[in-house]
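Once you scroll down, you'll see the structures, which are given as structure tokens.
Look for subunit A in each of the two complexes below; its partner is subunit B in the first and subunit C in the second.
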Partner chain A sequence: MRRVVTIAGLAFLFSIPLWLGNFYLLHVLIITGIFIIAAMSLNLLLGYTGQLSLGHAAFFGIGAYVSSLASLGFEVHLLPDWLVTLDPKPVWFAMACAIVITGLCGWAIGRIAFKVRGAYFVIVTISFAEVVRLVALNWDELTQGPMALNNIPPLSVAIPGLVDITFIGKVANYYLVLVFAILAYVIIARLVRSRAGRAMIALKENEALAASVGIDVTKYLVLATVVSAAIAGAAGALYAQYVRIVDPNVFLFIYTVTMVIMVVAGGKGTLAGPVVGGVIFGLLPEGLRSLAIAPEVQWIVYGVLMILVVYLLPQGIVPALRSLRQHRHPINSEPQPHADASARQVAP
Partner chain B sequence: MNPEVPRVALAVERLSIRFGGLTAVESMSFAVNEGEVVSLIGPNGAGKTSAFNAITGYLPAASGDIAYRGERLNGMKPNRIAELGVVRTFQKTSVFAGQTVLDNILIGLHSRSRQYPIAILLGFPFVAREEEELVEEAHEILRFVGINAPAAELASSLPYGELRLLEVAVALAAKPTLLLLDEPVSGMNPTETANFMKTLTRIRARDITVLLVEHDMKIVMGVSDRVVCLNQGRIIAEGAPVEIQRNPEVIRAYLGERYARAQN
Partner chain C sequence: MDQLLQHCLNALVLGGTYALLGIGLTLIFGIMRVVNFTHGELYSFGAYMMYMFVMLLHLDFFLSLLLAMLLGIALGAAIEFLLLRKLRGADIDTTMLVMIGAWIAMQNLEQLLWSGVAKSIRTPFPSSPLVIGALSVSWNRLFVLAVALGLIMSTYALVNRTRLGRAMRATFQDPDTAALMGVDIGTIYMSTFALGSGLAAAAGALLGPIFVVTPTMGDLASLKAFAIVILGGLGNIVGATIGGFILAFIEELGAGYISSGYRDAMGFLLIIAILLVRPTGLFSRKERIG
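Right, the complex of A and B next:
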């Protein structure tokens, strides 16, 4: 049953470009998909280890910049007479660099934050994002500052004699983003349903008890930040290669906030949560626009809807739906649902 | 009972613990032999839990040595100490409340599992196989401890007695060779306490050494091989339960005259 639903859902997602004639809507779907990938990565940290990264746009932005710079090449003076030059690299290699380097940044953040939890972790991540944004803004020679990096080449994959695709245009990029999103989902799902995921949940639930049964809490927090950062970096690289222009605004706090909204509204600590939240809050602005009401009203409606979701479904949409289903069809092997069944945060 | 010469498992030598100017534990020395059940008793504030915290790495020792099977524990992180087989429970009820009973045990089985991040991410088949084994093992632990609640129940919805059993089950999942129990039966009713005594006997039968902090004298006198009595951070008496019950200093500081009269 579950498998049928999954296959049907995937078939639907893959079929969208075939019947959706509207390229603008396809563009919105691509951007939403990229943000859903980033939101999934944030959920690994926020929903499973319980640590809120309010600098998640930094990983996204670093991914975008690394991917762009490696595919464009650069010349930069690290010292007045020390010139470092990088020739343009193939885009797939640039994107791989982006993933690896953001993963390393995640490792650094995880190590720095090895003892800080809660509010202090939030501060470390915000500061990190701000520092990176200022670097991107002011290191003109490397990043062109506010002038932005443009003419970023699109991803092209060429295996002689087999395939030769350039991911340019909406349809190709839609499939590219979809495949990346599925990969990210599978990676996160595998991780959280394993020993490593349980260690992360243990850190969120009760750190002292987790240590008492031999869990090296810091190690798993670092693992979570590395994987989370790398996936956010992949999302950033996809963004750069699709939009083909990157400026320091990718580090803006609003992007982090968008990811947090997607995760919290959808249901943190559930695999489907960021996807559901991302679809709703990614497509909502477009839906409201199509109602042809004044832009101010659109944003007011957006804000009111968000407050309603958080107020009425504090656990998020997915856990609320799940507990609703349990109330309707109590499973025999499971206990009768109780008042706090919505607190069940982890998909079995 | 044991004809062989007892081998020392846990050795605490001249341990002192300070909180700023306050000395919680002063030059405490005692040893727990392999396979023994030793109880730490004493009035509130005597330093029992502080000693527990120092042994398991949750508090730094101001001075003195703690060694388990010859390995020095001072300065080790709690998770390293747990890997050596020294596992504790907490005085304040402590489980992973938002998780199911089964997931609690699975978290406890952490160091039994051999899944490395790369294997997990690549989805090696042995990871799935091992998950099945772990679930099997978790059910076995639940049966051993005697938890009747369904494994899919949320820990936060368990009745108090079962919650305390779940704590012990989580600790047992970590495969201790030395189990430190901090007031495991506080808040249990007499039936639950009696059942817990039986569980403790079965834990013992698995060659697990036990260090117990408890105020329930029925348990302490019923299961302990030796009892160490603390008062104001110092050991005031040590010996077999019968001797401790008669020790005038223990009676004065902790047990009270009424307890002594009731025993006689």
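Right, the complex of A and C next:
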């Protein structure tokens, strides 16, 4: 049954460009997809280890900048007489660089930030994102500052004799983002169902208890941050090669907020949560826009909805639906009411 | 040398208002455990009220300042009553998300009401600055420093010398025990949030006439207030005061001698550095209030 639903859902997603004639809507779907990937990566931290990172836009933005800079090439003076030059690299290689470098940033930030917890951790991550934004804004020679990086080349994949695709245009990019999103979903699903994933969930439930049974707290928190940062970096790189212009506004706090609300509304600590929340809060601004109201009003509605979601569905939509189904069919449902039931199975 | 002294003088003025912001937030954060993202909005609310009273209603400057602060207190009490009261005991992430939602809604409401165009506020102070040797400082800035210091000392006295303050300190140490001893926790939370909001509104009303008033002016104010709280230690009023001045000095000297583009980054680098070395803040022996 589950498998049938999955296949039908995937078939539906793959068929969308075939019947959706509206290119603008397709564009909205692509951007939403990119943010869903970022939200899924945030969910790994927020939902599975319980650490609220409010600097996630930093990883997204670093991914976008690294990928763009590597594919455009740059010349920069690190010291007045020390010139570093990089020739333009192929885009697939630039994107791989973005993933590796954001992963390394995640490692560094994880090592630093996990010395503190709770509100302090939140503020360290915000500070990190703000510092990175100010660097992107002020380091003109490298990033062009507010002038933005322009003419970022699109991804092209060429294996001689087999394929030669350049991902330009909406339909190709839709499929590219969809494939990346499925990959990210599978990676995160595998991770949280592994031994490491169970360790992360144990940390969220009770850190002191988890540490007392020998779980290396910092190791697993840093591992989660590295994977999470690398996936967010991939989303940023996808964004850069699709939109083809990157400016320091990608680091704005509001993008982090968007990711957080997608995760929380959908249900943190569930695999489907960020996807459901992402679709709703990705399409919501477009829905509000079609009502032809002022952008400020759209944001006010957004803020109010955010408060309502926390009040009415504190666990999120997916866990709420799950418990609703359990009330209807108490016999053939799984016993655990929240999180991933399968994540708790005993290792063989 | 003169330049250095001038920078220090500017930092002193800025530090007074930073300290106000920091004290407000450290009380809210310390007593209620709420990461208050609306703090910066209260700051810009104070500035806009000042604009409305002085420029649109043509009220007296000093009366406007008082009204702006009182309205800030009222708005703070309303936010606590409407949004936070039902969430008491909820975990810190939940209240934080509610405050982020409120922050987005409030900021855009401001943008809708006042438009994004920067507003300036006329002051009754003489336009020629006070000149001492090679230094010069405007009368308006001196006034800001004096009022800020007065408010800081009043807040300190309120927390340390009054019955309400004692109840606040008790709630900070242990809300359950305080409640058992007859402290009405609901009243304490509302007074704390109102007091912190009033201080933020006062900071905005004081700085509004010096700079210009824009809907997004609160964003950096919130983040800087967090920096000051961390610098001074949670719930520590003296720490927040010193922290406010330290941040102002670092920003002013950093902007003057290193790079003005990174002025706002100084505070954040400071947060990261401090949390690496002393995660409980520079001045805290242990978490305390007062």
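Here is the rule we use: the second predicted complex is superposed on the first by the 314 of 348 C-alpha atoms of A that agree within 3 Å, B and C clash if a C-alpha of one lies under 4 Å from a C-alpha of the other, contacts with A are read in each partner's own complex, and residues count from 1 in each chain.
Heads up, the rule we're going with is that a contact is a pair of C-beta atoms (placed from the backbone, for glycine too) under 8 Å apart; a residue touches a chain by one contact, two chains touch by 3 or more.
Computed from a prediction, not measured in an experiment: that's the story for all the values here.
*Asks:* Which partner does A:Met259 reach: the first (subunit B), the second (subunit C), both, or neither?
*Replies:* neither
*Asks:* Quick one: is A:Ile215 in contact with subunit B, with subunit C, with both, or with neither? Answer first, second, both or neither.
*Replies:* A:Ile215: touches subunit B, not subunit C.
*Asks:* For A:Ala196, using the defined touch cut-off, is the partner it touches subunit B, subunit C, both, or neither? Pick first, second, both or neither.
*Replies:* first
*Asks:* With both complexes superposed on chain A, which partner does A:Glu205 reach: first (subunit B), second (subunit C), both or neither?
*Replies:* In the superposed model, A:Glu205 contacts subunit B only, not subunit C.
*Asks:* Under the stated touch criterion, which partner chain does A:Pro314 make contact with: subunit B (first), subunit C (second), both, or neither?
*Replies:* After superposition on chain A, A:Pro314 lies in contact with subunit C alone.
*Asks:* So in the superposed three-chain picture, is A:Ser127 touching just subunit B, just subunit C, both, or none of them (first/second/both/neither)?
*Replies:* second
*Asks:* Mind sorting out which residues of subunit A both subunit B and subunit C touch, each in its own complex?
*Replies:* Shared contact residues on subunit A: none.
*Asks:* Applying the document's contact rule, which stretches of subunit A touch subunit B when the two form their complex?
*Replies:* Against subunit B, subunit A makes touches at 186-187, 190-191, 193-196, 198-199, 201-202, 205-206, 208-217, 223, 227, 333-335, 338, 340-341, 343-346.
*Asks:* Contact residues on subunit A for subunit C in the complex?
*Replies:* 46, 52, 112-113, 115-116, 118-120, 122-124, 126-128, 130-131, 134-135, 137-138, 253-254, 257, 260-261, 264, 294, 296-297, 299-300, 302-307, 310-311, 314
*Asks:* So in the complex, the part of subunit B that touches subunit A is made up of which residues?
*Replies:* Subunit B residues touching subunit A: 56-58, 77-79, 82-83, 87-90, 94-100, 103, 106-108, 110-111, 113, 115, 117, 120-121, 123, 127, 131, 149-150, 152-154, 156-157, 170-171, 173-174.
*Asks:* Please give the residue numbers of subunit C that touch subunit A in the complex, ascending.
*Replies:* Subunit C residues touching subunit A: 29, 33, 35, 83, 86, 90, 92-94, 96-98, 100-109, 111-112, 219, 223, 226-227, 230, 259, 261-262, 264-265, 267-269, 271-272, 275-276, 279.
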